[in-house]
């Protein structure tokens, strides 16, 4: 029941036009090898759901520079002027989402919830075109769940079943994305024997992981 | 003392022992250098840690421990790490005592705009909208003007970050408190007159009979 | 073979290699004893663990590792523990391949009632409503009748657990599949006739030309 | 900045009539010492939010037997006939909530969300009197957030600041309740020096914990 898959094969499962969630925060805790291989295989027309696009030509910024991205859902692109330029030029459609709302929308997609009720964004441009609902006399936006065809995530340690542990701020969006995609491909710094990760330190359970790629060969 | 130092030192005085505090990227992060002696403040970084502190020395940076800008950082004993979902539960859920954010504009209603200039600069809101909606106290730390033009306006003309009224605005010239009645001038910086602050501000300021001078450590 | 053993053995055949499975308290837990050889099934306990298995020997019970009934249990290598919020993200979010639940009533629409008898017995729904709403496949494992009265009815008269149609009903007499057209009789138990099943069932059963006999290991 | 408080003092902060969240699942991972002290101090008219009431006279069942509970919000009382009897006799008002909805309602209370959108309970008696909302053509119940005056929780290990770690199925509702109450009182099996719990194993951050009581003297 090992989930270990060769890098090229794992990434080959992703077709052009797919919707991908990619973990990481300014490149920290992103699946670098999977991203590099997506670029190498020349994937295009991707929809990316991620916190940010890192810096120009770095990490998710490589996909931006390669012109592989058609649509982006993110909370922050301030440190990647290439993304902003492609957005202003109309090459990429960008949906900017408050970071906490982005996290909750992904969570709702993975947790089988119908949406997120949040006060964040009420009365701002973020609220445009969205349902609102009053609960106990207060108004909340109804933010819809997000799901993806694939989640590309990065872990510190994995066991062969696909149980995952993360490290400090490299955790960020990885655990929540692992629950919100049809297929989950995880890149891990280390793959250890089953039973070596104590159950209380398993942060992503093996049953949701489909393919496991080692960070280095 | 330069503008940023004045702002950072004054903001630091607002932090209390045991507070959980989030600092925006840029100017606000300077605040950590000027904390009052003898208090312990827990700094949250929105990317997933409480107990963040600057790197103590060169050579100890780790890939998996950075601040929200991706810069290596370190942590105090007793720090805790968590994912982005939990990070924003803490922020949105009212667990954060203070957030200190930069600003592009603040207006007479105390509303803040700090996340985009349409057609020009579209950084995105990152965590700012959740921080302003959810923190118990929102402090805006910004220069009073930009290239000579006031940033404290009658009405923001950039997209708002939140409709929530911020709690305090600290600039290199003044400390201003948004209230039901409008913006109250609480303090002026050393060597700055009330008239100078009023001249640099588009919004109407409510000026009490006496306006004390900011008291900053040297 | 007694009633419960028949049911448990037949349900066990429905589980596939790699499945994530939740078993309700009582009869469904017997299923673990009859898994087909050579397959690995991950059992989730709603109180917070995947990889649950029965205690292997006396003397190794631990206070912090129990099943949903509070009974000490053990775990396989590769198990993972989590809190109640995460447990129900997995259940509600469609990550659970199969849930096996007991039933008080099932009706022609394939709807299940299994959490209360008004005025008499009010155990509460626990996780049952989420399990039926969220699992990919819902299997009801129950005796065909209670004190001689049918439990498979035209219409449930006890409060429903969910409006979702369950996927399979396994009793000591039969295997029944709810479909758009109604309840289809898939199998009868060894030594049981179609007529006996129909007589013990209030709901209308759709009976195919040939109804195979349940094949169970000895 | 130690949060350690004497048992009697910590529990004395809870007035009659208070709303309490109490962690645990069938008594596993419940704050046994805090419960015993509540009974000893004769607290009454309590509203309890908990998964269950354990068994008769055990754990939360002690509060039921003592007649301390006026109102109960729980998912399951099937293994405590005393609770069912008090409910049928009208001594306790009981609100039964599906377990996943209970967890999410508490989470919403702690996460600043306006409510929970779930398909669980749609079309059943659970839906009576509740708002519904359609999102992407599907109907969901709007379940309101839950908060409490106090959360009484149980941890495996704590440090003196109040960082908490949990153990296996003793975790259950404890971490989520720690975020959803005005005052959090934690009982810990062991209180260790600050810095001893690795940051990645801190599951409840110290800043939300108000008082810490050792499990044994």
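Labels A, B, C and D are assigned to the chains in the order they are written; within every chain, residues are numbered from 1.
Throughout what follows, a residue touches a chain if its C-beta (ideal position, glycine included) is under 8 Å from a C-beta of that chain, and two chains touch if they have at least 3 such contacts.
Please read these numbers as outputs of a predicted model, since none were measured by experiment.
Shared contact partners of subunit B and subunit D, listed by label, are A. A comparison of the C-D and A-C interfaces places the larger number of contacting C-beta pairs at C-D. Centres computed as Cα averages put subunit C at a distance of 29 Å from subunit D. Averaging Cα coordinates per chain places subunit A and subunit D 32 Å apart.
Subunit B and subunit C have CA centres that are 55 Å apart. One finds 35 Å separating the Cα centroids of subunit A and subunit C.
Listed for subunit C are residues 49, 75, 81-82, 88, 92, 133-134, each touching two or more other chains. The multi-chain contact residues of subunit D, meaning those touching 2 or more other chains, are 104, 107, 111-113, 118-119, 166-168, 171, 199-200. An unclassified topology is adopted by the chain contact network, corresponding to no line, ring, star or complete arrangement.
A list of each chain pair in contact follows: A-B, A-C, A-D, B-D, C-D. Partner subunit D is touched in their complex by these residues of subunit B: 18, 20, 40, 42, 49-51, 75, 77-82, 88-90, 92-95, 133-134.
Remark: subunit B residues 45-49, 62-66, 68-70, 75, 81-85, 87-88, 91-92, 119, 121-130, 133-134, 159-163 touch subunit A in the complex.
For subunit D in complex with subunit B, the touching residues are 1, 107, 110-113, 159, 161, 163, 179, 194-195, 199-200, 202, 205-208. Across the interface of their complex, subunit A is touched by residues 104, 108, 111-119, 131, 133, 135-136, 138, 140, 142, 144-145, 165-168, 171, 199-201 of subunit D.
Subunit D meets subunit C in the complex at residues 25-29, 51-52, 54-55, 74-79, 84, 87-88, 94, 96, 98-101, 103-104, 107, 118-126, 156, 166-176, 203.
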